[in-house]
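This is the structure, below, for whatever I ask next.
Here the chain labels run A, B and C in written order, and each chain numbers its own residues starting at 1.
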Amino acid sequence: MLNLEAVGRQFGSLWAVRDASLSVEPSEIVGIIGPNGAGKSTLFNLIAGAIVPTTGVIRFLDQTIDYGKPYQVARRGLARTFQIPKPFKQLTVRENVMLSALRRHHTPRQANTVAMATMEFIRIIELAEASVASLTIGQLKKLELARALAAEPVLLLLDEVMAGLTPPEIKEMMTVIGSLPKRGITVVWVEHVMMAIMNVAERIVVMHQGQIIAQGTPADVSKNPAVIGAYLGEKYAYAAR
Amino acid sequence: MSTIVQLLVSGIMLGGIYAVMSIGLTLIFGVLKIVNFAHGEFLMLAMYVAWAIVSSTGITTYTAMAVVTPLLFGFGLLVYLLIVRPGIEKPHLVVVFATMGLSIAMQNLALVAMTADLRDVPPLFGGAPIKFGPLYLRVELLLGFLISIAITLALTLFMKHTYIGKAIRATVQDRDAAMLMGINVPRLFLLTFAGGSALVGIAGCIMLPLYSTFPTVGLNFVLIAYVVVVLGGMGSMEGAFLGGICIGIVQSLSGYYVAPAYGQMFYFLVFLLVMVFRPNGLLGQRGAAMVGINE
Amino acid sequence: MVEGRSPASVGIQAISFSAAPRRGALSIIEMVVLASCIVVAVVVSNRYAVDIMIRTFLWAGLALAWNIAGGYAGLISFGHAAFFGIGAYTSTILLLNYGVPPWFGMFAGTLIAGCAGALLTMVCARLRGPFFILSTLAAGEVVRIAALNWRTLTGGPEGLEIPPVPSVVDMVFKSQWPYATIVIAYMLAMFALSVWIEQTRYGYYLFATRDDEDGASAIGINPRHTRTAAMAVSAATTAIGGTLFAQYFLYLDPTHVISPDISFQFALICAVGGLGTASGPVFGALIIVPLSELLRGLLSQSTSGLHLVIYGIIVIIVILYFPSGISGAISRAASRLSPRAGLPPVSNLKNSDAES
């Protein structure tokens, strides 16, 4: 589904991402972790089509992504969330979700139905007519996810969705994300909240200083000395799957 | 050959004068990040006040500057408090439309009060141009140019060495960071707007001997001012000066070699070209036009 | 702030009536206003009043055209007079030089203006805010000066005159009624177009692009295409109004037709009436055009220009204290009267909450 071959991105003289190779299979949940400055956001934006790689090739559904125009990638079935939620402030919650649904359902009425269903799934249906300005950060994050899902993507990119959520909200999100492969959605997920990502993702990719230093199951990766070293000894206990 | 030199020289001098007119605007545009559509009318007001003083007392416009400048400062203060400040935190089109309304109101107030007659002041020294070698220069043009150099220099020094000057430069670059650094940005807005208006007062005094004043004189110059500001980059004193010179030269040359009316079109085309290829101006900040204002 | 509601009471918004002007649906107030326009049109017989009415409806249509770019797409243009002029001049030149009836010449003007609008947007694609506005102003002026000097094509400053020989084919009429009908048809067509845009996917895409370009791009919207299309449609429909203007007033000259004053007028009518709603421009025109006439009639005797001073002051007050314009004010008033009526109005300016 998604293939990165020796992808790199240079900003000035800094290689934010260097020689990254990664392959994601359908219905997987792949998590990307790494200390700050590891290049996760750059990699994320490369996959999302927001920036163009300097070296290497990214293939989504066997077609290369190198346009730097996110809407082309989005039209092929990729959806992303924004780390700092960017909803459309002039529209209500429902209208925000409906906008995403409009890509596949061309009339507002159809899109509305899909939007309602998505909001039920994410459990923000009661906020449907609220204005965006009145939402809490947890609700905004859920809105971001709802918007991404309403586009009915085949690949979902999540950008630190857990940041700022309370523990119950985190647990709720974990359940939602975990159920996505059953709905035919592949997930690539950048995250800092270890508890969440280590318990939900099937495969973890660890980045450090622009390069991928380890890939494997959460259990393997957390024992990997290079990974431990990268985090300077930070270890998070996690429940064994 | 000497024609070209003559054209260039008068173009440069004219440009200096355009620069004075635009320096206030570039400050306002750079610091407050708003478009003041009434800028031309401020100039018109300055010119009328100067004319009134000169006609009734007989002193020259250059002396009248001492009165016109503080008057325009006060006017700018008033306009800022009543019209600009309520619109600052709102989407920029509020200020755009509000200043447009002001522009219409002022133009027609002038029409009502002063009629559409052209008003001018008697030329200095009986109007004889001074001869500098092969060149003939109007005294008022030369004086205006010298004053514009003085002002640009003074302002550049001001911006570099005084606290307020540095505060202004900081705010032009990043308003929020400036606030966080303890700069009283709202007060700075007030000062900049009023100060920019005062500069327009000076410009009016310099321009009156060269152009007659009438109610819609502002329209002619406001677009030139914006072209200069865009060329020079928002908030840059040197940029405004250079931009003014460029436009002065363009206008001088095209006025002679091309039909005068088309000459006017030239600087709009220059404006559009700059917008397309170097929207941050020749000396301006990167990304300013892309990001826009008020975002 | 509207609280969330139980899923059962949240319906699909497409067909429901409410008092307030809302995006995507006709409100009762709008229907009343439109109906009364038509009634007034039929009933009034005073020649002067009919003239005002014709001009009001023409401006309403033109403002609606401007609104597609300025209100819905957020592309505030102060150069729309150029498109207006292109429409007026194209059909007139075709009529005078080649005998082409304006009914057909209109479409030529529409085409040219549409292309010009698309070109303008593509050139200014990366510009935001005041830079975009100023660029449209500059572009408009370029067109005006070109028209002023291109004597062979446009007749220069003396302008063009259409012979007042009544002929249906040439769209010249002796009585005012045919003009009134045509102009009302134009306004209604533009109104219908606006409402249609609001209700379709394209309208939503416009709102999204206007609101947040990156966010829009992330969900598959191509901002450039969306904007270019909006401007092209806006330009093309403005050009139609230009032709109607030419046929009614029978005289064109660059200074009066392609002037910044006219461009400002389009924008101001929308700002006063309410940007980005279908009814806003109509309300705006209904207020501003007769008001200008009234003021001019009352005050011009003593001093010419005073009415415009008042006009300018009104604009300042309205835009500072009623940024959502008249239709926004009506929406708020209506939703206070009947809190369950429909959805909260889509405000066009970010902090309309601050008003209430």
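By our rule, a residue touches a chain if its C-beta (ideal position, glycine included) is under 8 Å from a C-beta of that chain, and two chains touch if they have at least 3 such contacts.
What you see is a predicted model; the values in this text were computed from it and never measured.
A.B. asks: Quick one: remove chain C in your head and tell me the pieces the remaining chains form.
C.D. replies: A | B
A.B. asks: What pair of chains is linked by the largest number of C-beta pairs in contact?
C.D. replies: B-C
A.B. asks: What is the chain whose Cα centroid lies farthest from the Cα centroid of chain B?
C.D. replies: A
A.B. asks: List the centre-to-centre spacing of chain A and chain B in whole Å, with centres computed as mean CA coordinates.
C.D. replies: Each chain reduced to its C-alpha mean, chain A and chain B end up 50 Å apart.
A.B. asks: Which integer distance in Å separates the CA centroid of chain A from that of chain C?
C.D. replies: Computed from C-alpha means, the inter-chain centre distance equals 42 Å.
A.B. asks: Give, as an integer number of Å, the spacing between the C-alpha centres of chain C and chain B.
C.D. replies: 32
A.B. asks: If I count partner chains per residue in chain A, which residues reach a count of at least 2?
C.D. replies: Residues of chain A never touch two or more of the other chains.
A.B. asks: Quick check on chain C: which residues sit in contact with 2+ other chains?
C.D. replies: Within chain C, the residues that touch at least two other chains are 350.
A.B. asks: Scan chain B for residues touching two or more other chains and write them down.
C.D. replies: none
A.B. asks: Quick check on the complex: what are the chain C residues that touch chain B?
C.D. replies: The contact residues of chain C facing chain B are 76, 123-124, 126-131, 133-135, 137-139, 141-142, 145-146, 148-149, 260, 264, 267-268, 271, 275, 303-306, 308-309, 311-316, 319-320, 323, 349-351.
A.B. asks: Over in the complex, which chain A residues touch chain C? Could you list them?
C.D. replies: It is residues 48, 50, 69-72, 74-75, 79-80, 82, 86-92, 94-95, 98-100, 102-103, 106-109, 111-113, 116, 120, 125-131, 133-134, 147, 151 of chain A that touch chain C.
A.B. asks: Spell out the residues on chain C that touch chain A in their complex, using ranges where they run on.
C.D. replies: Where chain C meets chain A, its residues are 1-7, 10, 12-14, 24, 199-201, 204-205, 207-208, 210-212, 214-223, 343-344, 346-348, 350, 353.
A.B. asks: For the complex, give me every residue of chain B touching chain C.
C.D. replies: So the residues of chain B touching chain C come out as 29, 34-35, 83, 86-87, 89-94, 96-98, 100-109, 111-112, 215, 219, 223, 226-227, 230, 259, 261-262, 264-265, 268-269, 271-272, 275-276, 279, 289-295.
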